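Taking it in order: structure first as structure tokens, then the write-up.
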Amino acid sequence: MPLSHLKKAGDAVFVDSYVTKAHEIVVPWDGKEVAPFSLIGAPLSKTSISHSGASFSPTVIRKMLSSYSTYAIEDDIDLKDVMVTDFGDILMHVTDLDESRNRIRNTIEELLSQHSNTIPIVLGGDHGISFPSISGFKKNKGKVGVIQFDAHHDLRNTVDGGRSNGTPFRSLIEQGIIDGENLIQIGIRNFSNSKPYSEYGHDHGVTIYTMRDVRQQGIEKIIEKSVNSLCEKVDAIYISVDMDVLDQAFAPGCPAIGPGGMDSMTLLDAISLLANEDKVQGMDIVEIDPTIDFRDMTSRIAAHIILTFLTNKQKAIV
Amino acid sequence: MPLSHLKKAGDAVFVDSYVTKAHEIVVPWDGKEVAPFSLIGAPLSKTSISHSGASFSPTVIRKMLSSYSTYAIEDDIDLKDVMVTDFGDILMHVTDLDESRNRIRNTIEELLSQHSNTIPIVLGGDHGISFPSISGFKKNKGKVGVIQFDAHHDLRNTVDGGRSNGTPFRSLIEQGIIDGENLIQIGIRNFSNSKPYSEYGHDHGVTIYTMRDVRQQGIEKIIEKSVNSLCEKVDAIYISVDMDVLDQAFAPGCPAIGPGGMDSMTLLDAISLLANEDKVQGMDIVEIDPTIDFRDMTSRIAAHIILTFLTNKQKAIV
Amino acid sequence: MPLSHLKKAGDAVFVDSYVTKAHEIVVPWDGKEVAPFSLIGAPLSKTSISHSGASFSPTVIRKMLSSYSTYAIEDDIDLKDVMVTDFGDILMHVTDLDESRNRIRNTIEELLSQHSNTIPIVLGGDHGISFPSISGFKKNKGKVGVIQFDAHHDLRNTVDGGRSNGTPFRSLIEQGIIDGENLIQIGIRNFSNSKPYSEYGHDHGVTIYTMRDVRQQGIEKIIEKSVNSLCEKVDAIYISVDMDVLDQAFAPGCPAIGPGGMDSMTLLDAISLLANEDKVQGMDIVEIDPTIDFRDMTSRIAAHIILTFLTNKQKAIV
Amino acid sequence: MPLSHLKKAGDAVFVDSYVTKAHEIVVPWDGKEVAPFSLIGAPLSKTSISHSGASFSPTVIRKMLSSYSTYAIEDDIDLKDVMVTDFGDILMHVTDLDESRNRIRNTIEELLSQHSNTIPIVLGGDHGISFPSISGFKKNKGKVGVIQFDAHHDLRNTVDGGRSNGTPFRSLIEQGIIDGENLIQIGIRNFSNSKPYSEYGHDHGVTIYTMRDVRQQGIEKIIEKSVNSLCEKVDAIYISVDMDVLDQAFAPGCPAIGPGGMDSMTLLDAISLLANEDKVQGMDIVEIDPTIDFRDMTSRIAAHIILTFLTNKQKAIV
Amino acid sequence: MPLSHLKKAGDAVFVDSYVTKAHEIVVPWDGKEVAPFSLIGAPLSKTSISHSGASFSPTVIRKMLSSYSTYAIEDDIDLKDVMVTDFGDILMHVTDLDESRNRIRNTIEELLSQHSNTIPIVLGGDHGISFPSISGFKKNKGKVGVIQFDAHHDLRNTVDGGRSNGTPFRSLIEQGIIDGENLIQIGIRNFSNSKPYSEYGHDHGVTIYTMRDVRQQGIEKIIEKSVNSLCEKVDAIYISVDMDVLDQAFAPGCPAIGPGGMDSMTLLDAISLLANEDKVQGMDIVEIDPTIDFRDMTSRIAAHIILTFLTNKQKAIV
Amino acid sequence: MPLSHLKKAGDAVFVDSYVTKAHEIVVPWDGKEVAPFSLIGAPLSKTSISHSGASFSPTVIRKMLSSYSTYAIEDDIDLKDVMVTDFGDILMHVTDLDESRNRIRNTIEELLSQHSNTIPIVLGGDHGISFPSISGFKKNKGKVGVIQFDAHHDLRNTVDGGRSNGTPFRSLIEQGIIDGENLIQIGIRNFSNSKPYSEYGHDHGVTIYTMRDVRQQGIEKIIEKSVNSLCEKVDAIYISVDMDVLDQAFAPGCPAIGPGGMDSMTLLDAISLLANEDKVQGMDIVEIDPTIDFRDMTSRIAAHIILTFLTNKQKAIV
């Protein structure tokens, strides 16, 4: 058995025969079969208002999955047989940002039109990707509700700087893709938004939970109210996780960090609760810039969000 | 309209016409009008016992203000019309540390004697600046009480190393500028002080709340007791915020970091409560060393402290 | 008195005559007297599955002790007269990892056989050192119980990669050094273990508290149950603190970091409670890699663990 | 004289009365007078093929000027009376990269049409800014020759990714703004270009000096030949300095670093020689990404390039 | 053509249709065909005397190849049709370092016995890998000469710490795999070796060129003498490149850095000259620790060494 | 032999029985015998004009000595029997900078008056230490000449900021400790000085060699002229090495870095030549700030300067 210890470049790492690493259940698409969950990278961050390397995030989040296992000991659920199809990354145009956004929308739309039962987990990129991603999602899902975890409204006007990472939910509302009433923002923070945009939100029926609300009401209560409210009105719910909803101490790798945010366990609890709900059919994770993070902490949380989501979806089935 | 896109060096940044950034309300002094709040930099850190770049902190805190907006959504208060006069920084002497300290005291004293209604927010520098700053404050304010957030007493003797960042409150007491009974220390930590200095504090009537007290009694209770106690005895209260009162996970940029400290939300809550009190008429923020911080996290909290203070002062008015 | 300001290289630091620094009570062994507490470095990390510089940790933890004082203000206990004998570090072999492990076991065994009343505090190194350390401890202490703080079981098989930092407790059980029933694991985390190893633990009677247990039951309750349970069955208890039991926001310097862990105050509370128990007669602190830490935060917590342990041992005496 | 030690925020730095710092001769434009030299920031780097923070470079280069003085001791020339007008930075559009490029071209064109005698020194930004900058320059200067210091040809096609930092000189040639015969590339490196683009250069008459040429012929000889050749054919020469012409050991802050490049003294010598030539009437400095540099080394060289250029222009006058 | 913009995870990067990137000619082994050049990773660095992450180097060097093109403009040679077979990495044992070394020797031996015409380029790892690598090489190549670029002799005894990265050439000589007379060391540096080991070298006929020799004689002369001398005596020459032969300013990522070393161009020149010689039939590149490098500079030089080697081998053919 | 593998904390490092590490010949002073060479740390950097951690430098330089051996292979000189007395560090006052300077002067003066035959090697600190160090040196050595390696004159006035790291040689001249004619400055750089201070130098007879002089005349020639000139006029020569004489690519850890400086080999060559001269009887090495260095590169060069100095002093004897 010659050359028996040679492994494909990058694969020569220790394997414990009794451990399944989380990346092992994420399988590159073979062009045919699609699993109940899909991973799609949308590495666009030139649309960011401030300098951002969020385009590196899909690669790093995938890599972080290899640092964790498939076993949720707290629920005794092993994800080792839960497959995830990795559709890879959407190639972005070097200089044409509209084209890049179109590619995201078309990819998500086509993917879901061909594989309607898979739940897409879209890895940004900056929050600008949620406009095309939810647009593509909406084409296949009827009336769509969105639960957005974010320190910011992202309801900026598009005149001042075009469609950026500050505008996705404004664009979605103004293009009629979602109704303001079906948008719920959780984790909105002091000194991170402007009054006119908060007013825009209120005027369009957006539900806004600030961090004070989260602290006073508790995340379980807020998620319960959110899910109940949306389930009556929409066909499918899409979760948009801007990691800067977390306090800077927990998510140091977001471009727009600050104090007063959520801790990571609260966010993971929210994800657990949301995954239990059948209508939750899509998710994106955005605004992680690995070039400014510390030891990929923020991407590690993203990996846990994905695994927590899968675990609770699985638990719901079982 | 030629050369229309040229902006002053450093000013060519995206402006959203519906957003007021916090630094926009901080206006350099024109030599005449003074707003209800004043910012003064005291970039002295050669008086630190250990190596410190806290002298860079005023610049960084000001810069961090430009990362946040003026809108406190949780109280629906927009600070965009609350003006702050920026008196700039006090020039420190390269090698004469006594002279530097004198300049701080004289500047605060003169500023308040000429503009008695403005609330000075002094940006250190190390904690050594509180001795001259409070000395200058005292000259204009009658009997002064101090609420000090700190892991340390800062009651060291001045024989061993002169007046340093370990001695300001000892100096204030011994110079008769404040009474020990009017000094309240919040957040004092295990293994961060010596018994003789704790005893010195007790002997001089200093009120000491350790971190265990903060955890057991809650910050609201402690602030309420502190304010009630001081208001009976003093004409004006000065808040001295040594950022190392925070746990190292929240404020990684202080020279003397450690575990077991306060989280940033607790500190911001304390500031909110204190700002409500009319007698609170001055504040300093010290011991941030931007050269060892991570992504200016600690200065970002300082910016939030300033904005939270302004918001609650404003709320008190409204 | 000529050359009076010269201090030994490295010792020319400011001394406040009223402050005892924690490193001052840690005295290098003179070959004779041994204090009630001993410090021993076990700088082995070539046994780590992933790249680790944990071998640098003993030096850094010792250095961090010099950043803190001996005074526990919250309990009014000053450790300045509590002596700790520093036995230095065990020299590791460059390439023979079995030999290195043997040296650790033999050193601990000999040390305790000669000085049976000292409590060894062993500074790793990676978690692989706990196998030889507890083996040596066991030789002198009769029936031994272990309380392990860890995100991971460390019950891996030794076939796939030999004895590593993933296998120590498996080795201890299989070599009959401890019974599974006398092993308590606290802080075990989702996606950080595999089902077969959890099952192995359950099959061998290991008590497992996950992070959800810690959050739901509280650390006091868990420690109380653990101590009560073990005290009935064993002669001596050894605490093994894998610092990755802490959340990545609190202990950024462990090789295997992630979200969802313990905060540092909870761990310090656990240590306080454990130190009160007479049968707790040994401790190790492992898995700190100073080369990837931020400002030695993780080693600072280790210093606080040691000081908290001493304080409460002292309190128990007083 | 009250408040006498207060300095404008950021200005409280030590001033030696016998030293003129280089930034003191760089004076913000007052809307009227324009000096013989102009500084213009073109902070565009979203056009980069790879992730780039070169947009931060104008600010950092300006700041680095404050680290150096005006005195060229080797030629006994003091620049303290040589004024430079700082036109500030051109505001870039957040998402419309064509618009950003147009703003650069229009600004340079208008600036030179209004102030034809000033020599513009344009601070990128990535190399994509040279296309609009030279286009604007050309409108006022007749036939233009370009001396490009670069490891790369930057003659890529514009079909694959639009106009990027890989295409500026191709665009200039194809738009007829410069003739290939009037483009001289110095410092072109192995494994940093593709054969088709080298052939494109040769086919269009571009003069190409590789690093081997620089080593074998010496920079003086190459500059002499370049200047002689161009002076016969063009009305004005524009120097385009891509800092990655330097070896990675000297310019660690360029996106596309590598070994085998020029040392910084050789580049400064080249600038000296070029500045002596009257027809050299414009310059840009590009491809410095301060976010990945070490201690702003690369921006420090840029500051020296500017000062060396001014010194030799001055020397030529005197 | 649905989902047309999706690329395999990690592959969604800009492609210029006229550029061949260097990594494109490095093709994973298909189990059958083997190209004239082979890449094999030997990620072993637990054998290092000091802490080393050199095991990460094969991955990083491969990645760096994607930053460069195949075109050597200075010789007008395009490597785009020169194929390199990537055999991937040899899996190392977690704790059995002898086993790891055996795997390296066996892999190289088997690879060359099956594919005798390919030139192996082995990527360390620390210098300890050269003992097994050259041992395996020797089995297929008859009498072997070695040209070692290194600041250090690596002739340490194996008693003190076993076979480490300080012992490979001693082991090779003592095991009779090479003769001391057929070992040439280039770049040996002051204060980086001990007299007994220099004497050992002299006693065994090793040819030693110090850095002073390199400066005084020039690298061309030394290479010429080395090649002439060896070609008479051996069947095949193996080049062992310890990157710490370079000055710390050029190769900041080696564990044992220092001043007074070679610059990178001199090393690349040496590689060019050596590649021209037919008998040069193998190479390793060792002692790059990417975890301590700056911007992968040292791995970038390694990539250039490989490409320079291929170019000159190709030139020799053409 | 129990506990046989325990080593004093920090000493458990691999020892090769055939290697002498450089730090082994540096022996802490026993209060009695003094070797021909002495090491004295002067950790003062609060006198720096800009923020500086040069006070950490003595510790780091000493540590770097342990990375190198005692053997100068190029001259076949082994320093293993050349002893150096380590007098440790002079304790600096926390806030009284005059006192700190006095301690330095008194220490050097007393040390040399008691041990007149030892050659002091003083490790700064910033360049401000050279004033007291040379003052103390002068008291014992008659007429003193100084050879200063520096990018800067350090001839600033003392009115603007007191005695700082910009004033030492002005102070020495004005206090009559050295004559301007006996001061030689080598490596003075463009844009790093002001004309009035260059004129001050010329007016006082200081010999100034700029970097252009170094490049054009060669360092050997300059050292030869310098030594010849001084030897006629003075009794003893003191070398003051400001590491910023080096180019930023070679010495990244100096506060005032820039391009256009010396490479490290040239500086080492200068030291070799100077050490040969009997009258060279003292040296300091200043302006290394380890907190901003990369991998202690600059301190590593300092270690080589010391070893090179010892080697050539030794060679002169032999």
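General observations
Letters are used for the chains, namely A, B, C, D, E and F, taken in the order the chains are written, and counting of residues starts over at 1 for each.
By definition in this document, contacts are C-beta pairs under 8 Å (C-beta built on N, C-alpha and C of every residue); 3 or more make two chains touch, one makes a residue touch a chain.
Here is each chain with its UniProt name: A, B, C, D, E, F = Formimidoylglutamase.
As the structure is a prediction and not an experimental result, all values here were calculated from the model.
Shared contact partners of subunit B and subunit F comprise C, D. Chains that touch both subunit A and subunit E: C, D.
Chain centres here are C-alpha means, and the one lying farthest from subunit F is A. The most distant chain from subunit B is E, comparing centres defined as mean Cα coordinates. Overlaying subunit C on subunit F by C-alpha atoms takes a rotation of 180 degrees, rounded in steps of 5. Look at where the CA atoms of subunit B average out and do the same for subunit E: the two points lie 57 Å apart. Note: centroid distance subunit C to subunit E, computed from Cα atoms, is 41 Å. The set of subunit B residues touching two or more other chains comprises 14, 49, 94, 160-161, 249, 294. In terms of which chains touch, the assembly is arranged in some other way, matching none of the line, ring, star or all-to-all patterns.
The complete set of chain-chain contacts reads A-B, A-C, A-D, A-E, B-C, B-D, B-F, C-E, C-F, D-E, D-F, E-F. Interface residues of subunit E, counted against subunit F in their complex, comprise 49, 156-157, 160-161, 166, 188-198, 208, 210-212, 215, 247-249, 252, 256-260, 292, 294.
Those residues of subunit C whose C-beta lies close enough to touch subunit B in the complex are 14-20, 22, 67-74, 76, 78, 80, 249-250, 263-265, 268, 294-295, 297, 300-301, 303-304, 307-308, 311. The residues of subunit C lying in touch with subunit E in their complex are 46-47, 49, 51, 53, 55-56, 93-97, 160-164, 291.
Listed in rising order, the residues of subunit C touching subunit F in the complex are 2-3, 5-14, 28-29, 40-41, 43, 58-59, 62, 86-92, 94, 103, 106-107, 110-111, 114.
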